[in-house]
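Some structures to go through are shown next.
Heads up, the next two complexes both have chain A, just with different partners, chain B and then chain C.
And then the complex of A and B:
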């Protein structure tokens, strides 16, 4: 079985930041492996260690800077990586889920994986839609928000648990090939070992342009027009001072409310 | 194309609250367009659901009786056929776990763009202006898209539609292609049971990612003991296996409404806030003054929990 894992590099924002037009000012931004994708990579690597997968390939949409994040996934055990990028993509502001799915669909057509694992959402734009949109485009089955995958694929199906709201899980069988969107907590993502980090430097990382994928131009359906800090819904009372002072203020409030009396 | 089609959400015989909220969101958009609001409820006891969904502002409730519980292939086929019939400008879907399981594929079938997790919607008939958060709620954005679209709406952002309406209830016959059903639901399991029910607690001492290490939880337990309170947590603590699932507050855990909710090292992701914003008094202890939890807190301490929590415990010993 061949597994394709979608890996995103997400923008992280410092606690204190400023907005510049419709983006966060550059100096407050960092980059990291998307948290949900970390679990997806781990699940794929565990399937490979259990001899259920022969190959784990990652795919990322992103510029050259994303290579550091892709190497993280390789260091954790993925075999090789693909990165989709093109100057045309740099000119598109906010990539909508449909456009991302179009790009990934071209990769799935080339790679023909049996299973695609994709994080439920990304931590920055949080659309939570790309994995299922991808499944539809390539004609795969799918399940969204999977927090358990049986490591056994009888009759070409995957048995999963979907995490519904309110502490309820749905037990579902999904025909393969399939796309599963992976929820945090499905496993315990490993830290890359030093050996893994060294090996990752030698693993193949291939860049594919729109031309390579046979895609003529991209255009996002979504235009980002404003960005601002949300207004507070409450009039918050902020206690100032050292920890003893603020703890004292909170203790007074709690006593007023009859706590621990 | 001036109509709006909104999809109801139900599970195990019950309509979920978002089904009434989506009627309000849908009515607003239909008013913007000068058109009708259609709801559709698919699978299960649809006649009973339709009677409940007939609230103020709803013009038509369509029922599709195929299927018992949610199956994404039945939903998609039904909505695809209904969309061909009534030609709505916007198809509204709850941004629930099931909504996110079919809406993106539905958008693909309808060859429409999708925007998800919206918290505000306006349209002039052609351009849809949607408000949504980014970066875990640190900022809000507006995004625009042209023409017909599939849109998911966040729960608890719009009020529930109330009253009794005079909607027309129409049974809609769909042709389900059984060969296209590629998944089977075998059952459900409650996973948040156990000896403690955090929903019963009057005071919750709730801990999040800011605690850093499992052994640091000790200061949280000490505080809860001193306050005679119950310990709960946000998702990462349960994901890490540091507390059992029955302690998790939020969308996938429990909804709690204690007298006092003390959020310690919790940033306040929307999924967490959904589970505790009904608390009577919310206190947040967090180093980040811009954390989304501060937007719903009544009292806040912008300081290191490792300093504040032991100092607070001491006050009660």
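And then the complex of A and C:
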């Protein structure tokens, strides 16, 4: 089985920062592997360690700066990496999930993976749509917000547990090939080992342009028009007294707020 | 001349930052207060390969250079020196095995350390033998095909948690010259006649295990002798450049961590209606701390780089060790000062850095000994 993991580099921001127009000044920004993708990579590597997968390939849409982040996934055990980039993409600015899905679909066509793992969402843009949009483009089955995957693929199906609204979970079988969007907590991502980091430097990282993928021109349906910090409100309720007297009050408040049922 | 780090070195640093923030920082205070060895953290570090970074790949390590190892050491010590020492010391003594051991010894001893299954230690100091290493009196006598060892070792890092120790023993009291007649012999902690007693009440690096070892007719097979009999000093001298550079890196890490903590606190704390970082007196402290740390780092990296080139750099390694440890102590002192009263209690990490820093001026040759060496080299005197 071949697994393709879509990974992105996300922007991280310091606690205190300043917004300048529609950007945050560079000095407050860092970059990291998207948290959800870290879990997706771990899941793929575990499948490989269990001899269920033969090859784990990662794919990223991003500029050369993202190489360092991609190598994190290689250091954790992925076999090789693809990075899609083109000057045309740099000019577009904010890519919408549909456009990303088009680019990734071209990669899926080339690679023909049996399983595509993507994160549920990215930590910065939080669209939460790329994985399922990709499944639609390539005609794969899909399951979104997967928080458990059986490490057994009897009859070419993946048995998954998905998170639904309100704390409900669903068990479902998905025919391969499939796209699963991976939720945090599905596993415990490892740290890249020193040996892994060393080996990652020698693993292939191939760059593909739009030409290579046979895509002509891209544009995005989205443009960033404004950036601001939302007002945050805190609403605190304090009950005086011991647990015996106050637990009931707490329970009804949690029910009222929709946190508990 | 290149001053930049490679992508790989930057990646190592970032991964260690992640590891330290998640695994070390949350438990640092607890292990300091309780003087307890952080077994769980060391196990997690072993999984990541931090415990045998410089051990060659063929023996399960990562095969990292002395410069890489210095970067790892610096980064770990910037978060918590006590736990950091537990991690980097798991292979103490192994440099002798790596450089002078037979293939069989490397397999027996290096591999389990690299894989995190075993912890080693280096046992040189004794109750009456500190700076003057040539006065070692722990005796190893040959009996058939075994060595029989008697004596005491003092201040031994990993003493009660270690699985084996590379012990400096006198094997030929009649040898001529004060540096001849000593050998390095591996003693496993499960041998009959071996015992270790933990030393408590340390000023700093309290998570690290320190103990007195007693050898009472301990018998080990003759295959446990590392390298050449009676030539331990010549062997040991070759690692001083390496081990002193490593302690220099510890000092750089402590200075870096203390500076970071002080910078953060200075920006948060307000007095006289403004952030204390607005006061020039505080700004100048921060500027000096950062500049001195950078100078110590450059000396340390230069020393490490030269060791990697195979150069003999006795003087440079001693300079790096002496200077970086002094800067660690000075910077930690200023970091506490910037915290005021808050720096005097363990609500903030600087109190720990202040106590932890001091050891870097004592072990692996005191500051006075380092200066003796630097001057001796300058004056062209042999040892």
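By definition in this document, the second predicted complex is superposed on the first by the 231 of 261 C-alpha atoms of A that agree within 3 Å, B and C clash if a C-alpha of one lies under 4 Å from a C-alpha of the other, contacts with A are read in each partner's own complex, and residues count from 1 in each chain.
Operating definition for what follows: a residue touches a chain if its C-beta (ideal position, glycine included) is under 8 Å from a C-beta of that chain, and two chains touch if they have at least 3 such contacts.
Small disclaimer: the values here were computed from a predicted structure and weren't measured.
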Self-check item: Chain touching more of chain A, residue-wise (chain B, chain C)
Solution: B
Practice problem: In the overlay, answer first, second, both or neither for which of chain B and chain C A:75 touches. | Solution: second
Quiz item: A:198 contacts which: chain B (first), chain C (second), both, neither?
Solution: second
Quiz item: Counting only touches as set out at the top, which of chain B and chain C does A:190 meet: first, second, both, neither?
Solution: second
Exercise. Answer with first, second, both or neither: which of chain B and chain C does A:63 touch in the superposed model?
Key: neither
Quiz prompt | Complex contacts: residues of chain C adjacent to chain A | solution = 7-8, 10-12, 15, 18-19, 44, 47-50, 53, 57, 61-64, 72
Self-check item: Residues of chain A touching chain B in the complex
Solution: 11-13, 15-17, 19, 22, 24, 94, 96-98, 101, 120, 123-133, 135-137, 141-145, 161-175, 178, 184-185, 188, 221-234, 236-239, 242-244, 246-251, 253-254, 257, 259-260
Quiz prompt | chain A to chain C touching residues, read off their complex | solution = 67-68, 71-72, 75, 190-198, 200-201
Exercise. Please name which positions on chain B make contact with chain A in the complex.
Key: 11, 16, 72, 95-98, 100-105, 107-109, 113-117, 129, 133-146, 149, 182-193, 203, 226-229, 235-236, 238-241, 245-246, 248, 251-255, 259-260, 262, 281-283, 287-292, 294-304, 307-308, 311-312, 314-316
